[in-house]
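Chain lettering (A, B and C) follows the sequence in which the chains are written, and residue indices restart at 1 in each chain.
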Amino acid sequence: MTLGHRDYDMRPPLHPFTALTAAACAAVVTTAAAYSPLSVAVALAAVFLAVRRGVAGRVLPAAAVILAPLCLSLLVLHGLFFPEGQTVLAQWGPARVTAEGLGFALELGTRNTACVLVFLLFSFTVSVPDLVSALAGRRIPPQFGFVLASTLTLVPAVAVRLDRIRQAQETRGMVVRRGLLSRLGALRLQMVPLVLALIDDAGSRAQALDARGFGSRGPRTSYREVADPPAQRRFRAAALLFAAAAVVWRIVASWPVGVPS
Amino acid sequence: MTATTRTALQIRIEAFTFHGENTPVLSGATVSVAPGSLTAVLGGSGSGKSTLGKLMAGWLWAGHAGEFRGSLELGDTLLEFRGAPDDPRINPAEWSRRVAFVPQDAAAMLSSVRATVAEELAFGLENRATPRDDMLRAVERTAARTGLSDLLDRDPATLSGGELRRLAMGCAVITEPDILILDEPLASLDAAGAAQVEDLIRSLRGAGTGVVLLSQAADGLAAEATHWIVLDGGRTVRGTGLDGGTVTAAGTPAQLAGSAELQRAGVIGIRGPGVVGPGDVSPAATGPGVVGPSVVGPSSIRPSAIRPSAIRPSAIRPSAIRTSVVGPNPAAGARSPGPVPVPAPGPGPGSLELRGVGFGYGADARRRGVPAQARVLRDVDLAVNPGEIIAVTGPNGAGKSTLLRHFNGLLRPSEGDVRVCGRSIAGVPVGTVAASIGLLFQHPRDQLFERTVLREAAFGLRQLFGKAEAEGKARAALAAVGLSGTEAAHPADLSASRQRLLALATVLAREPAVLALDEPTVGLDQHGLAALQSAVVRAAATGTAVVMVTHDLAYARMNAHRVLELKDGQLSRI
Amino acid sequence: MSQPALTITAPGQAAGRRRRLLEIAGAAAIAATYIFLVLTQPADIANGPASFSALVALGGFLLGAVLLIVAVLPVLPTSTVVLIPVALVLNVVLGQLMGGTGLPFYIDAIGTVLIAVLAGPAAGAATGALSSIVWSFFNPTVLPFAAGAALIGFLAGMAARGGLFRRFYFAPIAGFVTGILAGVVSAPIAAFVFGGTSGLGTGAIVSAFRAMGDTLLAAITKQALISDPMDKAIVFAIAALLAYALPRRTTFQFPFVRRYRVLAGKAPAAPDA
């Protein structure tokens, strides 16, 4: 669960928004195209970039955990049961393997894989402080950046705290037995101190943040400077235009019959 | 701003009540702070010091946090609060720019969303739209002032306790406040860290900042104060465990040092918690010498008079002890536990035995940063007999807590063996060892999870003693640490000091053969120290072996039969 | 001295109206997207049109979630904003702990529901939507479900306001109803964006309905109606358990809890302003 967003061997040369735009546009275009060779190409490109940036060791396992159950479920679901399918390849009782079903599973599987890889590549390479600073500079409510960055610091802290609570409670003679009830009971005892401590800490953090001006509505400045070269701005504009064109093309091409356009 | 234009702050509290509570947490208190002054607000745990500080600094606002009747005056602004909906609403950002507060838990001051010390310092300026150039200068100036110049690029999460405290103070003073309120600024700092913070406070005062110190110890820093205010939480417990604080005395340190008010409030004396010996409990609870005139003078304690070596050992067999650990009326014995019998190391097994224990964190996947050769423990031998009190001291990071965690198997030795009551605990689950070993951690809140104090103390007792006896044992343990009367309160509503005592009670209630305490004195006020003292001495008197880990050598010498030092992974007697 | 005032006045009405409009627009975007998707669901999903529905579902639901966030976030008090990361982490950590008990549910909204109970429907909706967006940093597949998560937070807050958390046995009932609505709203995302559900248990249920000849959307909606209400009933019950385990001083610091007397047996001692 600890992604270690803070320290990288190599600073990303990209402005966080450039990387985010690239990832989002790649995902949108892939979805709009609905063409599995393109999905495969995008997924491979993401893997290649991950290897080059040295984050493949973290991106690929994270992606596998998400994608393996999803793709397996797609394969079983559409591979065996696809009532719309015509070309029956095999049949066991109610289960029919159809070419259309397999094709559908392949298309959605590759599309999901491409989108997940592209976004994970973004989140494993972006510098979160830069992203938060960039967000603050774009009149996006500072609360958003706070929630993002605070979550990333909270996750490892909670893991440590949960470990401490577990130790303290075992020390008080709590033996977790196999039964479901015993485990649920132990769970309740672990949750209460965790939730209480987190809410109490949040309460005092809120007071400190308000005292330091976080709650005020006025304009803000930023200590951290994030370079945003003009070339990257042009790239973002072009990527957004391209993605918008792809979406428009898809909507025009497959506007459902019977709905006035 | 120069000292001449600095403004003063005055708060007058008729009553402040948290929402949903019946009794005010603070009442009848007035505090005035003049430019360049140092005011010490002294009181025990739960006396409302932090609430007072937060009210003064605009961290708690009337109406939002609770009902406030009284007034706040800053410079020429006077705000009157009557607990009505049309009361003025403080602008926390602007108020705190002029009256800054640093909480006891320094980490709570940090935004938690800034990647470096420099950005954390700048956070408050960013929110006030300070131009970037001004911000850079202010960060540089504040870093120099707080000794953080070399740490500006560090991640705040990696700072040590002392560095964190200075960063929190830097975050508070970067806006050049007129008044700075510090809640226990020296708590859990080592000597070097405390000295740096004290220097910083002096330099701020020199520049005209009025400083308010909130503390439960009348320590050296408090002795520098121009004015003392004693805040007493009162001993009355209205079934809820919630105390209401009120000012019982005010004056110069010279007037108040050794006063009855200071003792009643539970304020710790200048020499720290090391005031009582194992055989000398009852007078210390409220007696003289705890906070005497010696607050600003030399120590007058004669350790030799109360050294445990004067106590004659007598043989008590462990088997006999187990049945008589808590007598029919333990509360009756609380006042005068009498001398501590230390059994001779007879033929029976010791309560706790470590044989050639070695341990290193290298193999632990979660501590990858620590080099594999970092051996925390090396060939440690330790034998503790029933009724013996042993203190383990050593510098920070020497592995004292690591040693303690071996006693019940939270950590398993890589070499050697740990034996409890003569049996090796290798392979025995922690929850089972817990029947014989009671371990008290530094953070009581991790250990508490029930809805009421009584349920907390009674947790798991049914399995040990049966339904009939469980509640009686729980009540007896609560009485032993002086928490009778709080049975119905929510553990989290107790003061920090009492939460530690409750955690101690939960351990005592299980009547362990060995009691292991991790820094038991930290966070306790004088009343709490006295309760700890009597509980530990009485447990030892009934045959429980006690091992306490403490950084406070004076306390260790005063309260243990044997003092051991953990250094370079090995234990040696000192 | 031209310094900012040490006191503040209550916020004006104009800002409140614009915020309300944004909230309505957000809710309308989500509702319209859902209706559009159900009405126009492609009869033949095999030949690419699912991609159209995917884009509409993503666009409409994300727009709705973002509008809700933009409307609510800037006016949330800091004391609520700091709880959102807490809710998010609790969603994940408690979900994992529950996963360890071997129950066949995903239990991934305990934090959202707890915050909604303490801080109200607006905070609940913002928490749900934001936690999906932030958690998509770790798992991009949760991003499209932001609207459903917002709905869960909103409904939990409404249930708390209506006093359903004052009796312990009402909480699972409220959760059950919430589960029905949230499951139905999220079904098009699962159907069109992902083409199914993640997980073999739920996948088997969908397969069964598909074998009976249902459309993909219908099959997934029915599956959601089987698993989601039970799941949310458990989540609401756990959230209620936690809310009652918290000390009074902690729960009463929330104006929402005081004003609507959300929790039983914890009436304020004095009438609240």
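Convention: a contact is a pair of C-beta atoms (placed from the backbone, for glycine too) under 8 Å apart; a residue touches a chain by one contact, two chains touch by 3 or more.
The shown structure was predicted, so the numbers you read here are calculated from the model rather than taken from an experiment.
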Key: Longest centre-to-centre distance from subunit A, chain (CA-based)   = B
Request  = Quick one: name the chains whose C-beta contact count is the highest of any pair.
outcome  = A-C
Query = Distance-wise, how many Å sit between the C-alpha centres of subunit B and subunit C, to the nearest whole number?
reply = 40
Query = What whole-number Å value describes the gap between the mean CA coordinates of subunit A and subunit C?
reply = 18
Ask   = Which residues of subunit B are in contact with two or more other chains?
value = 91, 95, 492
Ask   = Which subunit C residues touch at least two other chains?
value = 245-247, 250, 253
Request  = Hunt down the residues of subunit A that sit against at least two other chains at once, touch-wise.
outcome  = 146, 150, 154, 190, 192, 196, 200, 205, 207, 209-210, 214-215
Remark   = Listed in rising order, subunit B residues that touch subunit C in their complex are 17-22, 63-65, 67, 74, 77, 79, 83-85, 88-91, 94-95, 98, 451, 490-493
Request  = In the complex, go through subunit C and note every residue touching subunit A.
outcome  = 39-40, 42, 44-46, 48-52, 54-55, 58-59, 69-70, 73-74, 76-79, 81-86, 88-90, 92-94, 97-98, 100-103, 114, 118, 130, 134-141, 143, 193-200, 202-204, 206-207, 210-211, 213-214, 238, 241-242, 245-247, 250, 253
In the complex with subunit A, residue positions of subunit B that touch it = 54, 57-60, 91-93, 95-97, 100-101, 103, 105, 108-116, 118-119, 122-132, 135-136, 139, 155, 157, 171, 405, 408, 410, 429-432, 434-435, 438-439, 441, 443, 445-449, 459-460, 463-464, 492, 506-507, 510
Remark   = The answer for subunit A against subunit B in the complex is residues 6, 128-129, 132, 136, 142, 145-146, 149-150, 153-154, 161, 164-165, 167-176, 189-190, 192-193, 196-197, 200-201, 204-205, 207-216, 218-225
Query = Taking the complex as given, what residues does subunit C use to touch subunit B?
reply = 3-10, 245-253, 255, 258, 266, 268-270, 272-273
